[in-house]
Structures are given as structure tokens and as C-alpha cells.
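Take a look at the structures listed below.
You will see two complexes here that share chain A, one where it goes with chain B and one where it goes with chain C.
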Partner chain A sequence: MMMTHIFSFEWLHIRKSGAFWGTAIVLPLLIGFSLYLGSERTAQQEETITQLRIAETSFYEEMRSQLEAIESGDAEVNAWFQNPANPLVLGQFGEAGRHIFLEPKPLAPLAAGQLDILPYYGRVTLTNLQPLRDNALENPFMQVSGSFDFAFVLVWIVPLFIIVMGYNVISSERERGTYSLLQSQPVSIRSILVQKMIFRFLLILGIIILSLLVWSALFSIELFNIHGLQLIGVISLYAAFWFTLCALFNLFQTSSAVNAVGLTGLWVIFLLIIPSIISLIVTSLHPVPSRALWITEQRTIQQAVEADGAELFDLWVVDHPEEFVEGDTPQFYNTWMRRFVWAQTIAEREREAERQFEEPRERQAQLASRLRVLSPPMTLQAWLERKAGTDTARLRSLENEMRAFQQEWQEFFLPRFQRLEFFTSDELTEIPSPDL
Partner chain B sequence: MIEVKNLTKSFGNTVAVKNMTFNVDKGEIYCLLGANGAGKTTTINLLLNLVQPENGNAKIGGMNTDDYPLKTKQKLTYIPENLSLYPSLSGVENLRFFSGLSGIKLSNNDAASYLKEAGLQLDAADKRVGVYSKGMRQKVAIALALARKSKVLLLDEPTSGLDPAASSDFAMLLTDMKERGAAILMATHDLFRAKETGTKIGIMNKGTLVEELAATDVTHSDLEKIYLNHMRA
Partner chain C sequence: MNIYSIARNQLTQLVRDKVVASLGLLILLLLGVSIITGISYYSEMSEQHHQAEELARIQWEKQGDKNPHSAAHYGTFAFKPVTVLSVFEPGVDRYTGVSIFLEGHRQNFAAHSLAEDKDSSRRFAELTPTFIFAYLFPLFIILAGYRSITSEKESGMYRFLKSQGVSTGQLIAGKTLGLWTVILLIYIPFLLIGLIVLIITGAFVESLAGFLLMGIVWLLYFGVVAHITITVSALVKSSGSSMVVLLSLWILSTLLVPRLITNIASGVHPVPNTTEFYQAVRTDLLEGIDGHNPYSEHSAAFRDSVLTAHGVDDIADLPFNFRGMMLQEGEEFEKKIYDHHFAKIDEIHRDQNRLFSISSLLSPTIAARMSSMAVAGTDMHAFNHFTAEAELYRIELVRELNMDLKLNAVGDRATGYTAGGDFFARNISFTYERPEAVFINSAQIMPLIISLFWFVASILILTVAARIKEEV
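This part shows the complex of A and B:
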């Protein structure tokens, strides 16, 4: 009863304030804009994935129909590299190969995460692992805004609006002079002020959640599920964190100006200073060699393999006599057998060398994950990226998935190529696919 | 209605109120006179339970303010020296809010009629309080007392800063409240208004109630002499 009364008058009071209308108009627009960009980005990813899958399917269907035509005598093979039965043509050349995708998760539109740095798909052939990215951001808004996303609005901007709504709930009563009148009322002043704070908290939370639900429905982002519930729970906790800070400042009986400056200072500390300190600690304790060093290392390995190419191949033949057909074999066979051996050697050596880069990066990630609890904004950002599937760990897993699939790809094609056994059209249905 | 007995309150080494004892009955206006820092506001704050006494007790309607802070506030309306209301709300809305805090739900019409009864012009009732004068804001507070049917009014320097006409209007409102049976305690510097409006007059000096007299027993000039004698003592 009393709560309803205080809520209704706080509503009457606050709706006459510019701060409220500023929040009620600007915040939903920012949320809407970020979700629009997010849904466009995700749609673009889905489009890319669909197009590449269609291209892959048509390529292998085309190969099969060409092979059937050759088998029935309706067509001829003009050159070895045009023969659809050749394992090289099916597993290495031109459009051959498979794409590995990290499919967008249901909440992908919420956070761009590390997508602007790390790829979400790549192409696998017998010798190549080729991470790919979309050519350009096709949406003009995206070109202007970069990775402006809901996570950014929630983590960085929402606290500012919460501060605007909550920094002076109690201090303004003192400054306005209504505090003494409230003190003389037959209701505990603490109870009145707590209810006013709760109302403002619910109001801004309502604005955020309502905007999120309405814009999500508009942009076909599915939130009426367990992920949506979790998201609303996490948003509520984050808003409660900032509102608690506002409440604490109000309890110190400081002026509204001091509260505003103090809370903005906390915003800077939690969003800028603590993350910078964590980054400094993490990179100091577990330094990762520079990327330039890694590229130099890769070149050194490639040059060494090229220099010792002939010797390496001879040694491989000695070690694997059963995997190499000696005698009168086509030129392409000898050339490509060498290339496979070299590529395999380069990959093995690179993996070995990569450890010195990967291990500190792993330790960095583990330490950063532990230290992140010091900053709720960082924790929320990480949670949103995990939910959206755009976090570093998931995007880095693409390379492992590509490697794992390449092994399957090689196991399918290489033994046939080593034995110079070509495929029949019926066998083309057995070509491995990551989707199966 | 208001009983104050041996009330003592210090802030650090400064004694704000010392062994204060007085009563205000129904239908009485008790004017507390005294210089700045005499302890008038502290006495009111003790009655409002905003500060706790070291000794003695204060009662409203027979209930100790220390033991029943909210119940005693239910019986009173307080008008501070610089009465502030919510400036973006109208007089009607402010009245509805504050009366609602005592569990009295007013419609807009009810609120407007209480404001009219308190002397606020009808066209002002729906205007933002931000444009109200002090006298108009006080009328909202009196309307609150009327709406709550307060048995007790605590007024802290209500006429300071009011022009003579507004001050006279306010005195008439107080007299009206007195005739309705309210017990009114008014801290003031205004000797004239105390003599004109008050039933009893208490003079405070350095936290002590040094003299108590009936307003009808003294003339304006007598009151001034008595007051100045105490202040110079």
C-alpha cells in the first residue's frame, strides 16, 4: 500500500524530469541501434555460411556428374588436373576442400566480441588451413560504428544512465529541503528513500529489459528462452551493482555534485583503470612473444624445409616405403607427393614452435579470467561474449577444429593418392564433411 | 497534547536544551521565543525524535516520542522554517503525496478543497510548487494538517521572511487551527506575532526556559522588556 503510494508519486515526480526523459528516449534508441547492427552482423554471417555451403555442395555435385559422364563414356578427361576422379582435384585444387564454421549462437547479435580480430570460419584442403573473413562490412552503419554492440551499450553506457537516475535520490531531498519534511512523516525516512531508490532501479531496469525485448522481437533475436532469462538475470545483477553504488554514495550524506563526480570516478575505475591494470599484470607475468617474431619463425621454418626439401623427401620415402609408388608414375604424382611431405613437415615444426606463443597466451587467459572478478563490467563483457559465442576461446577453437577436420580429410584422400587410386562417382558420396 | 519534561540535550560541550519542561494543551498556541541558538529548533527536533534526549522525555498525545517515533508523528504536522516541497509537482500533488504517507488517500478534488480551506487560491493549486511563495507553501502544509486532522502542529520560525500581510494570513490560519482544538508549538523571533497569536509564551535563553507567561497577561511593550531583560542577563 505504502510502496504503491511512494512508487506512484515517484513516477509522477520523475516523469517531470529531463534526466528521465533523456534516459527513456536515448537508452532504448542505443539498445535498438546496437541490436540492429548485431542482427545485421549475424545475418551476414549466416548468409556467408549458407552461400559457402551451397557452393561446396554444387562443386561436389558437379564433380560427381562430370565423373558419371566420364564413366559412361559421354565425356573425356583432357588433363589430369581436370579429372574429377583424381584425389587432388577433389581434395586440394580450386574450389575443392571444406569450410569449417563456428555457427552464430542464438545470442550472437548481442556481442561482436573478438569477431573483428579472429575469424569464425576457414577453409580446409589437404595442405592448407586458411582462416577467412568477410570481405567488408556491407552495412554502411557498421562501417561508421565498427563493433558497436549491445554488450558495449550494456557494459559501458548503461552505468552512466544508472548514475544519472540514481546519483541524487537522497542528496536532492536534502538539497531541495524536502528531507526534513520527510523526516517528520509517520513513515521511516529510510523506508521512504529505499522505496524511492527501488522504484528508480526498477524503472531503469524496465527501460533496459523492455527495450531489449521489443527490439529483439523486431530484429528476430530469440530471447523467450533460457538464454533470454539468464540474460535478464545478469542485466538485473549488473544494474543492481551500479544502483548499489549510487545508494552507498547517497548514504554518505554528500552533495549531489560530489555523488556525481564520485560515481563517474568509479565508472572510470571499473571500466578503464582496473581492466588496464589487469592487462598490465597479465602481460607482465606472462609475456607473449610478438607476432612479428612468430611470422619470422614461420618463414624460417618454411625456408629450412625448402632448403632441405629433397633430402627430407628421400628420408620420408625410406621411412614410408608402403606409402609411395615407385617407378613410372605421372609427373604430378611425384611433385605433389613432395609437396605433401613438405607441408606435413612444416605443419609439425610450426606446431612445435607455436607452443612458445600458445602457452603464455593460455596462462594469460587463465590469469585474466581469475582477475576479471575484480571488475563486474569485465565479468559481464566476458559472459556476454561467451553467450554470443564470440569469445576468444571459442574463436580460437576454430583452428583446432580445422586441424582435426584436415586430419580426417587427409586420411580420406591421401592414401588413395599415395596409391594412385582414383575415385568412382559412387565413392564421392563418402567425401567427409564437418556437418556429418 | 505536548508534554515536555526535564528535557536535556547537548552537542559536544554545548548544552542545546537544559531541563526544559512545558505543556501545550488542546486549543493552545505555545510560542517559544529566543535568540538564535537558544535551543528552540532543538526542542522541536526532540519532539520530532530527530535527535534523542540525554535526559527527560517528550510526549505527544501521551506517547513518548522516543518509544513511539512513528505513532507520535502520525498525530502531528511539522512546518520547518524553510518549508520545501517537490517543486515539479503541483500543490495538489504535493498534498496528496504527503497525506498519503500518513495513510490518507486524497482525490484531486479532496486535496484541492483542503488547499482552498487553507487559503490557497484555486488557480494556484494546480500550478507547480516551484513558483509558489513561502506563504503559499505554508498553506500547503496547513492543508496537510487539515487533511491529516493533526492534533499537534510544530512550527519552526514560520513567519520569518513573510511579508506582514502573509504573516497575518498565517496567524489567522493558526488561530483557526487552534479553534479546531489543535495544540500548536511555534518557535519564533517575532514578539508581536507571539503576543497576538499565542496563548502561552515561553522565553528560552541558552537552552533554558527562563520564563513562561500567558499572552493575555502582558502587553506588547511588557513582553519586549521581559524578553530583552532575559537576553541581556
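This part shows the complex of A and C:
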């Protein structure tokens, strides 16, 4: 009873306030624009994926029809590197190979995460793992200022609106002289404060969720599922956190101006100071060496393998006598057999050397995830990126997925190449694909 | 006289104000920490880059006897320079690749940006002087100045001062002077520390001009914030609303406009993705000479024209190695194609940057950041200059290699020709050096002008505010 009373008075009061109408207009617009950009970004990703899949399918279909033509005697093979029956042509050269994708998750439009830095797809051939960095051509100033996504609006901007709505709930009463009026009521100031806060909390939450649902429906982002429910839960918690801070400030006998300064100060601490100190600690405790040296190291590995090339290959043949056909074989066979052995050795040694980056990076991530609890905004950002599938951990998993698929790819093509057994057109349907 | 006593009074108040004083100290502390960590990071990086550069050269020279064109495929690297000014203004440094692989037939992107290897918490905020100056310092100025006039009104001092013959103009001038003094109290120590850093790192001569210009850029920015703060404080009724208005402006300038404009820019002037880019390049490459494929139509036509010109029927009868000639011909054609496509990307970036410059009319923060990156040599233009130099080097190196093949792989040396270590040691080498201490091209001048514009405009606004209040 009391609650509805306070709520209806609050409504009468708040609908006259500029801060409220400002919030009610600006916040939905910001949310809408961020979701629009997000859905565009995801659509573009999906488009890229579709295009590459089509190109891949049509390449193998083309190979197959060429091979069929050759088998039926309608066409001839011009050169060995154009023969569609050759495992090298099917698994290594030109457009051969497969793309591995980290497909956008349902909530991908909500957070751009690290997508502007780390690749979400790459190409695999028998010897190459090539993550494709679409961002390589991007204006780096974009990466400096960051993405305007829903995560940004929620994590950075929403708290400021909450502060504007909640910094002077009681202090303004005191300043307007209506405080003693409140005190004369049969309800404690504290419970009035709590209920006023709850009212404002529900109002802002309503604005956020309503605009989220409406815009999502418009941009076909699927929210009516468990993920959407979790999202709403998390948004409520985050808003509640900031309203609680506002309420705490209003409990003290401080002026509105002091409250505004104090709450903004907390915002600065949670969103700017703590994160900057965390990133400082994390990178100083576990420094990652420069990639400049890594590049030369890679080269040293390559040179070493090249220098010992003949010996390495002979050793390999001794170990795998059944995998190498000696005698009168084409020159490309001898060349590529060696290349595969060398590529394998180089890949193994590079994996080893790559540890010096992986280890500190992992330690950085672990430490950061522990320190993040100090700042609810950072925790929320991390949660959103995970939900959107645009977090560092997932994007880094691309390389593992590519490596796993390369294994499969090699297991399909290499034994055939080693025995110099070419493919027939029927067998071309069995070429491995990550989608199956 | 009045102005100075008002300023002195304001200064005393601010220094005694616990919140202002502790925030000021916090900023100084953060600046100190950011410089110390920045320096150690810088020296580590530049050490590693030097090592890498030397190693890469040794690897090139010691690659063993090889066909020169195999050496072109083997390739070498160019390393992005690390500048001491990046300690203060890292600019786009973290996001651009640290090295470019230079090889025959193609132009590669710079690869391995630092951002790829760093934890993502850094993207919230990274403790660098430029972060402190762009975000925290304006907040400090707002905090120090938002009440400067409103509190006089609220306490009734305003009327009292007026009755004492102090004009609003004098009050505003005094308060502004006081605020400026507080700003300089923090900023001058920073500048001194910065100069010491330049001396210690031995980069004093080449970095001084950039550092001083950067110092001026930020000072202009602080001036803009200070003048707007005083203006708002003079125009609104209460300290509370002064705070809210100023904070909204801060959010707009530092958070909203920069993120909005960069995202709008990438929508208005989209960059093709890497796959599209390479596809376009590949399509164009098919239109010309493929140095490796003597059977292609263009290569055959080229061969015939060379044969005719020398009046022989077989390439073996030519006085030079035809393959070397064809590879070079192909290389030059490929370069043209790559240059053309990279120029298109550059054009898109320029359009985007123009949008950023325009948007800095709404956000002094963008103007200041773009200007400070430009003078510190850590913006995209500086990076492009490095990649352009690396490309010049690449094409010259490949030419040396192809020429060696063309001139020396003749007669009985034609089959199985190799060049030795002494040849590779003689090859042109690459060390990137910035052309001048500060070099700014026409595209970068815009943000600097807008920074200056903001400063002048903020003074004008302040004067107009004083005039308005005088009349009331």
C-alpha cells in the first residue's frame, strides 16, 4: 500500500524532471544505434563466411567436373600442378584448402569484444595455418577509440544515467526544504529512500529492457531464450549495483553536489582507474616479449631445418620406410615429400617457441580474471564478451581449431600423396570439411 | 589588482580543498607511474627491436649460396621503430604491426601488433600520460572549477563582491587565472619529468620538438576545459547543475563522440576485408606478366617482343638471363597493382580521418588526441611513412637480386646459378629513420588547427559569458 503510494508520487514528481526525460529519450537511442551497428557487424561476418563457403564448394565442384572430364577422355592434363587428381592440387595449391570459422554466437551483436584485433577465421592447407586478419586494413584509430556496441552503452553509459537519476534523491529534499516534511511522515526516511530508489531502478531497467527488446526484434537479434533471460538478469544486477551506491550516498547528510562528485568519482575509479592499474599490474608481472625477436627466431628455426634438410629427410625415411616411394618418381614428388617433412619439423619447433608468448599471455589472463572482481564494470564486460563469443579466449581458440582440422586434412591427403595414389572423381566427395 | 587577489584566493581555496588536492596528487602519482613503466617498456622494446634488426640482417647475409630469386622469396624484415615519445603518447602504436615481411612479388601488411598479445583489460584503460591527460585531467579541472562562480552565488559572496566594485569580468578573469595556476602546478612538474626522460634516454635532440609541441597541444586542451568549466559555472544557478552539465560535456567529448564517429566512419567509408582485398589484387595480377609462369599469355608476348628486339629466336641466345629480366618485369607490374590497391585503402583511411577531424569540432578530446599523435609521430601517417619506406627498400632489394640473375646467370653459368654470401652482404640494407624531428603533412594539420580553434573559441565563450552576466 505504502509502496504504491510512494511510487505514484514519485511518478508525478519524476515526470516533471528533465533528467528523466533525457534518459528516456537518449538511452533508447544509444541502445538502438549500438544494436544496429552490432547487427551490421554480425551480418557482415556471416556474409564473409557464406561467401568463402560458396567459393570453397565451387572450387571443389570445379575440380570434380575437371576430373570427370579427364576420366572420360574429354579433357587432358596440361601440367602436373593442374591435375585435379593430384593430392597437392586438392589440398595445398591455389584455392585448395578449407576455411575454419568461429561462427557468431546468438548474442554476438551485443559486444564487438576483441574482434577488431583477433581474427575469427582462417585458412588451412597441408602446410599452412593462416589466420585471416580482416582488421589488417582497418584504420588503427578505430581500434584506439573502441567499438560503439551495446556492451559499451551498458557498461560505461548506463551507470552515468543512473547517477543522474539517483544522486540527489534525498539530498534534494533537504536542499528544497521538504526533508522535514518527509521526516514527519509515519515512515522512516530509510524506507522512503529505498522505495524511491526501487522506483527509479525499475524505471531505468524498464527503459533498458524495453528498448533492448524492441530494437532486437527490429534487427532480428534473438533474445527470447535462456541467453536473453540471463542478459536481463545481469543488467538488473548491474543497475542495482549503481543504484545501491546512489542510495548509500543519499544516506549521508551530504549535499547533492558532493553526491554527484562522489558518485562520478566511483565511476572513474571503477571504469578508468582500477582497469588501468589492473592492466599495468598484469602486463608488468607477466610481460610478453616483442614479436620482433620472435620473427627472427622463426627464421632461425627455418634456417636450421633448411641446413639439416637432407639429413632430416633421410632420418624420416628411415623411420617411415613404408611412407616413401623410392625409385623412379616424378620430381614434384621428391620436392614435396621433403617439404612436408620440413614443414612438420618447423611447425613443431615453432610451437615450442610460441610458448614464450602463450605462457605469459595465459598468466596475464588468469591474473586479470581474478583482479577483475574489483571492478563490476570489468566483470560485466568480460561476461558480455563471453556471451557474444568475442572474448580473447574464444578468438584465440581459432588457432587450435585450425590445427586440429589441419591434422584431419593431412591424414586425408598425405598418405595418398606418399603412395602417389591420385584421386578419382568419386573420391572428391569425401574431402574433409570442418562443417561435417 | 582585483583579478590577482581573486586568483590568489581561488588558488588558496583549491589547495586547501582536500578532494581537489588529493585528486591532483593522485594524478601526479599516476603520471609518475605511467612514465616509469612506460620507460622500462620502451627500453625493453627498443632493445629487442635493435637485436631483431641485427639478427634479420645477419640471417640475410648468411643465407648461403642461393639463386638470387630464391633469396627474394626467402625475404627479409623491416621493423617498426620504437620512439621515446610513444611513452607519452602511444597513439596507434599498439595496434599496428611491429614488422613487415619483405619478399618478392608481393607487398605484405605489417604483422603482429602488440595488442594481439596483450590482455584485453587494457582496452578499458591503459595507464599512459595521454590517457591521463585526455580523460582524468579534464575531470580534475572540472572538479576544481565547477563551483568557482556558483559557490560565490550560493554563499552570497557574489553580491558582496559586486557591491565592492568587482565586476563579473574581473571575477571570471580571476577565477580563470586561479584555475590555470592549479593546472600548471601539476603540468609543469610533468613537463620537467618528461624533459629529464628525454635526456636519460638519449633522445633529447630528436624528440625535443615533438615533446614540446605535444606539451602545447595538451595545454591548449586543458585551457579549453578550464574556460568551459568557468563559463558553465558562471552561467548556471547551482553547483549541482554546473557539475551535471560539465560531466555531460565530458562524457560527450571523451566517450560518446569518439566512439560514435569511428563507428560511423567505418560504416560510411568501409574498408574491404582482407580476403576481398587479396581477391581484387589477384584478379588484377592475372592481367599482366607472371614472372614465374613462362606459359601465360602476357609472359609469352613479352618474351616474343624481347626476342624480336634482340633479333634472336631462342632465349638462350640472348646476351643476358631472360628469366632474371622477366622476373623483374613481373615484379614491376606486380608492384603497380599492389600500389594501386593500397592507394585505394589509403584513400579510405584519409576519408575516415577527415570525418574524425570534422567530428573534433564536437569533441576537443579528438582534436587533442589526433594532434598529439601527429606531433609525437605515433599516428597513422607516421606509420604509413614507415611502411612506404619499407616498400621502397623492398623493391630496390628485389631489383638488385633480379639484376644479378639477369646479368650473371649467363652462358654456362645459366643453369644452377647461385649467388654467394658476399653478394648478399653487399645488398642494400634498411634502417628506418624519421625524416625530421617533427614532420606533419597537410592531412595532419587539420586537427592542430581545430585544437587552436577550440582554444580561441573557449576564450571567446568565456568573454561572452562575462559580458552576459555583467548585463544581468
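Assume the second predicted complex is superposed on the first by the 420 of 436 C-alpha atoms of A that agree within 3 Å, B and C clash if a C-alpha of one lies under 4 Å from a C-alpha of the other, contacts with A are read in each partner's own complex, and residues count from 1 in each chain.
Definition applied: contacts are C-beta pairs under 8 Å (C-beta built on N, C-alpha and C of every residue); 3 or more make two chains touch, one makes a residue touch a chain.
These figures come from a predicted structure and were not determined experimentally.
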{"item": "Partner chain(s) touched by A:Ser184 [first = chain B, second = chain C, both, neither]", "value": "first"}
{"item": "Which of chain B and chain C A:Ile278 touches, first, second, both or neither", "value": "second"}
{"item": "Partner contacting more residues of chain A (chain B vs chain C)", "value": "C"}
{"item": "First (chain B), second (chain C), both or neither touched by A:Glu62", "value": "neither"}
{"item": "First, second, both or neither for A:Ala257, with chain B first and chain C second", "value": "second"}
{"item": "Touched partner set for A:Glu103, first chain B, second chain C, both or neither", "value": "neither"}
{"item": "Contacting residues of chain B [partner chain A, same complex]", "value": "48, 50, 70-71, 73-74, 76-78, 80, 82-89, 93, 96-98, 100-103, 105, 154"}
{"item": "Contact set on chain C toward chain A in their complex", "value": "19, 30, 33-34, 37, 44-45, 48-49, 51-53, 55-56, 59, 63-64, 77, 79, 91-92, 94-99, 101, 109, 111-127, 131, 135-136, 139, 143, 146-147, 238-240, 243-244, 247, 251, 255-256, 258-260, 262-263, 265-267, 271-275, 277, 345, 348-349, 352-353, 356, 370, 379-380, 383"}
{"item": "Chain A residues within the chain C interface of the complex", "value": "19, 30, 33, 37, 40, 48, 51-52, 113-114, 117-118, 132-134, 136-148, 152, 156-157, 160, 164, 168, 255-257, 260-261, 264, 268, 271-273, 275-280, 282-284, 287-296, 299-300, 303, 307, 357, 361, 364-365, 368, 371-372, 377-378, 381, 385, 391-392"}
{"item": "Complex contact set, residues of chain A against chain B", "value": "1-2, 5-6, 9, 12-13, 16-17, 176-178, 180-188, 192"}
